[in-house]
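The following blocks contain the structures, represented as structure tokens.
First chain A sits with chain B, and in the next complex the same chain sits with chain C.
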Partner chain A sequence: MQSKKIGKQTINYLHPVSIVSFASIVGPKEGQGPLGSSFDYILADNLDGEKSWEKTEQKMLEHSLALALAKKNYLAKDLDYFLAGDLLNQIVCSNFTARAIGTPFLGIYGACSTLVEGLVLGSILIDGGYGSRVGIASSSHHETAERQLRFPTELGVQRTMTAQWTVTGSGAYILEDNPNGADIVITQGIIGKVIDLGQANAMDMGAAMAPAAADTITQYFKDTGRKPEDFDLIITGDLGNIGRVLCQQLVLQSGYDISKNYSDCGVLIYDPAQDTHAGGSGCGCSASVLAGYLLPQIIEGKLRNIFLVGTGALLSPTSAQQGETIPCIAHGIVIQGNR
Partner chain B sequence: MQSKKIGKQTINYLHPVSIVSFASIVGPKEGQGPLGSSFDYILADNLDGEKSWEKTEQKMLEHSLALALAKKNYLAKDLDYFLAGDLLNQIVCSNFTARAIGTPFLGIYGACSTLVEGLVLGSILIDGGYGSRVGIASSSHHETAERQLRFPTELGVQRTMTAQWTVTGSGAYILEDNPNGADIVITQGIIGKVIDLGQANAMDMGAAMAPAAADTITQYFKDTGRKPEDFDLIITGDLGNIGRVLCQQLVLQSGYDISKNYSDCGVLIYDPAQDTHAGGSGCGCSASVLAGYLLPQIIEGKLRNIFLVGTGALLSPTSAQQGETIPCIAHGIVIQGNR
Partner chain C sequence: MDLKEINMRVQERQRDLLQIKNFNDAEIQLINEELQKDYQKLVLFESKANDKEVRLTIKNLRNKVIEQQDLVKKYLQIRYARLVNKSAPKIPVLKNALAAFFVGGTICVIGQIILNVIVLNGVPNKEATAITLMVMVFISALLTGLGIYDEIGRFGGAGSMVPITGFANSIVSPALEYKREGYVYGIGAKVFTIAGPVLLYGSLISVIIGLTFYIIK
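Up next, the complex of A and B:
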């Protein structure tokens, strides 16, 4: 019998888990970006008729899940579990979404790696036989994140060129245990370690997170014996332009060349002309790019398999103000198509 | 073959999971309480030599895990996974503890239900064959929680009689897959739904959380066909004096009388003379009481089985200020002794 755990950190789903539905919602800036036409719904403005940005973000998360359910004619009560997390203190967007749907709920937090953490855990629930249908979702909102984690956007504080732009976006996914004939399956997951090389600049998260991403990517290749060329695409969540280059270099130093097929969701989601400096970040970055841009390509057969590595900076404003450096993490999943 | 899922929300661990080690650390006030002699270590003061209360809380979480590992002569690298969460924004105590130990890490958040969420998920990782040894920990600290979620304690704001006192404490647990001859096993878990009956007073969390606890307790009995008298003890995490009474009444309205064997960690941890008003709360409440007070009684054979229901109020200061009510959740685990 095959093992469910390979090497030090990789999980083998022996009953590959199917992603049967998914949906993405983004803000106007993301809608104007290079992937704009890929998303299911684009907000007209960052408030979308709500009284606060926080309520907008919660609505976006809830609606992306509703959309993913509706695509399969499911109701929330058809889910065995709902797993979600977001950047807001006490993950309130996720909590209020869980309240709205009434499904057994597990709150998770991995900063911008939250979506992949959810997909790894959701796949365990399905693969392990603890349920047959699981919903996963994550979100971020530019204004809610900036005012909570950096500066309120009304202040107009000048951003450094290394800073990333928090994506306004959300993505939701429905996992099931029916791999026969499924278009998309999750076959493996890897749970990351917290890595901190001493970077303390919250205006350069990509550089802080790159070592965690490189560690997880390298560990996956060591655990499984697979090679970079085994994938059509290796893609990190939100390292942005600076972190992407560092990650590629660090992985190369460990003996794996990912230069031919490596990209980053935070690099793809904005055009350099959009003035986002180092690219996109936030839980909603990989959450919306996977649902809007990547999975449709797997269904169409343009991509046969991808290794998605969600990256998270696990600091808080309090820890930064108390002089701490930035602890980072990266979790990964392997997604395959059947075409 | 038995099913891993029973009824709507209950999980059956077919390979019962052993709690092989556990440790608790509390603050001075908790050390002076009725359970004071039960805990492994009592801080001399709320700073314990650190420069900030946040650093003290992180140290307490890290040391409780180190203590649980040391009791079995284990090192952190012997763990397959570490699951943790706490009340601080972005669960930073847990993140920095994960950084210190270098173990694959899953961040979780369920407010004061976090410990039980971790035990449910950790048991799934063991039962499902995804690992053979998992560490779980959670913490809270009176001063860090009060200044983040209510008022800085230096302000001396008068507390209402319905307010609970956030426990300074932490608990850590090591789970393994070797049930043969194990003193303590986790046999079942239940994942809660978010319940919100419209209570908006953050100074009366017990009343807000009681319906969620009652829902999970009632659902467990419905799912399994078990009855209150099947347990030596049914114990909630931190409903306190007010929430405990409400929970018992709500469960009775659903047809189950738990009055004979029901208690609450937040009621047990302080003496009424300690001026904590409605009792204890916080992630560290159930985390320290389970490790310090309950599990030793299972080992000694004084308790044969308990149903621990961790309760969490999933609000944030922002959601409260924006006029939201308090969404609450409760997760449960069934713990049995072998004596």
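Up next, the complex of A and C:
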């Protein structure tokens, strides 16, 4: 019997799970970025007519799920499960979205790796036969993240060159159990370990998260025996410019050269001229880039397969103030086109 | 084309919702699903609309759907609130009031004794008041640190909160709590989390009263 687990950490989905629908919503800054035209909906401004940033983020998450459902003419009740997470305390955006749609709900938190965590778990649910249709969503919002994790939004601080810009964006995905005729299939996943190499600077998350990403990437290659060349694209969630380079070096030290086909969602989403310093970050970064930019390319056949590694920094403002270092995690998912 | 359809459905539903009291749970569920369907469709149309005007029309219609959703929600909430109110435990008002009276009174008596002792020792009345306040604040802070004032507060409620000792307690307790986050971002930033409103609006009101007095005189 073929095993559903390969090596130490890799999950092999024997009944390939397909992504049948997806949608992305981003804020105006992301809309002006290089990928601007590929998103489903661009907010007019970061408040979008709501009374608070938090409300806007919640609506954004809810609407991206509504879009993904509406594209296939599904209703929320057609979902067996809804898995979602975000960056706010007690993942309120996801909880309130689940309240609005009334679907069996599992709230998940993996900081900015939440989306990939959701995709891995959702695929496990479907592959295991516990359901046939699962909704996954995650979001982040620049202002809500700033005021919660750093400073009040209007405070005139000079951002360090290593700081990343939290993406205002959300993405939603509908996973389904129909291996026949699906354009996009999830074939493998990998659940990462929490790695902490002692970085404590909350203004340099890329450097903190790079070891976790590198660990997951090398572990995947070790587990499966595949090589970096087997993928059209290896892409991390939100390491940004600095973390991207570090991750590439760390993976190279382990004996795998990913320099030819490696990129990062946080690097792609903004133009250097947008003054975001080290690039984008946040749950919404990989969530919107995957739905807006990567999956359409898989459907068109421009990319045959990708290895997406979601990276998350698992810190809280309290733990940072108490002098703790930043534990980081990275989960991976292999997405393949059917062309 | 669909937009008109949804608009009509929304208006029809508005009439239905007037009689929501006569609906059973299955019917309410059905209405909720219909609302969700319309909502999703509207979000999809909105994402496809490039024109600002069109977007605005769709948004207005969407807000109507939200209003209807809220109406259903409110109805269910009120229905449940009735049940909750019936089963809520009774607050022991009399016992709480007596405890507050006793604790608050005791604190005031202690303050008065201290004041009298100071005055008997020949300190002018005005300065004696200030000294009394300082002594009371010190005692309260000390008892907070020793974990005794929290117990008094649990028993006395407003009786221990209203006198100046309660104010001292509200400043010392966050200071103890947030020491772990350091002296700058911990104590420095959070020491007035509870007393902050009193300090801000207390100062503001005293300025207003001071100005009023100045003008009247």
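Note that in this section the second predicted complex is superposed on the first by the 339 of 339 C-alpha atoms of A that agree within 3 Å, B and C clash if a C-alpha of one lies under 4 Å from a C-alpha of the other, contacts with A are read in each partner's own complex, and residues count from 1 in each chain.
In the analysis below, a contact is a pair of C-beta atoms (placed from the backbone, for glycine too) under 8 Å apart; a residue touches a chain by one contact, two chains touch by 3 or more.
Just so we're clear, the structure is a prediction, and the values are computed from it rather than from any experiment.
Student: Which partner does A:322 reach: the first (chain B), the second (chain C), both, or neither?
Tutor: The answer is both, since A:322 touches chain B and chain C.
Student: Given the touch rule stated above, what does A:49 touch, chain B (first), chain C (second), both, or neither?
Tutor: second
Student: I'd like to know which partner A:85 touches here: chain B for first, chain C for second, both or neither.
Tutor: Touch partner of A:85: chain B, not chain C.
Student: Go through the superposed model and pick first if A:185 touches only chain B, second if only chain C, both, or neither.
Tutor: neither
Student: Would you sort A:20 into first (chain B), second (chain C), both or neither based on which partner it touches?
Tutor: neither
Student: Going by the contact rule set out at the top, does A:67 touch chain B (first), chain C (second), both, or neither?
Tutor: It touches chain C, and chain B stays clear.
Student: Check whether A:102 is in contact with chain B, with chain C, with both or with neither, and answer first, second, both or neither.
Tutor: both
Student: Which one hits more chain A residues, chain B or chain C?
Tutor: B
Student: Can you list the residues of chain A that meet both chain B and chain C?
Tutor: Shared contact residues on chain A: 102, 318, 322.
Student: Touching residues of chain C toward chain A in the complex: what are they?
Tutor: 32-33, 36-37, 39-41, 43-44, 46-47, 59, 180-182, 185-186
Student: Where on chain B is chain A touching in the complex?
Tutor: 4-5, 8-9, 11, 51-52, 54-55, 80-81, 85, 88-92, 95-96, 98-99, 102-111, 117, 121, 124-125, 127-131, 148, 191-196, 314-319, 322, 324, 327, 329
Student: In the complex formed with chain C, which residues of chain A make contact?
Tutor: Contact set of chain A toward chain C: 23, 25, 40-41, 49, 63, 66-67, 69-71, 75-77, 101-102, 318, 321-323.
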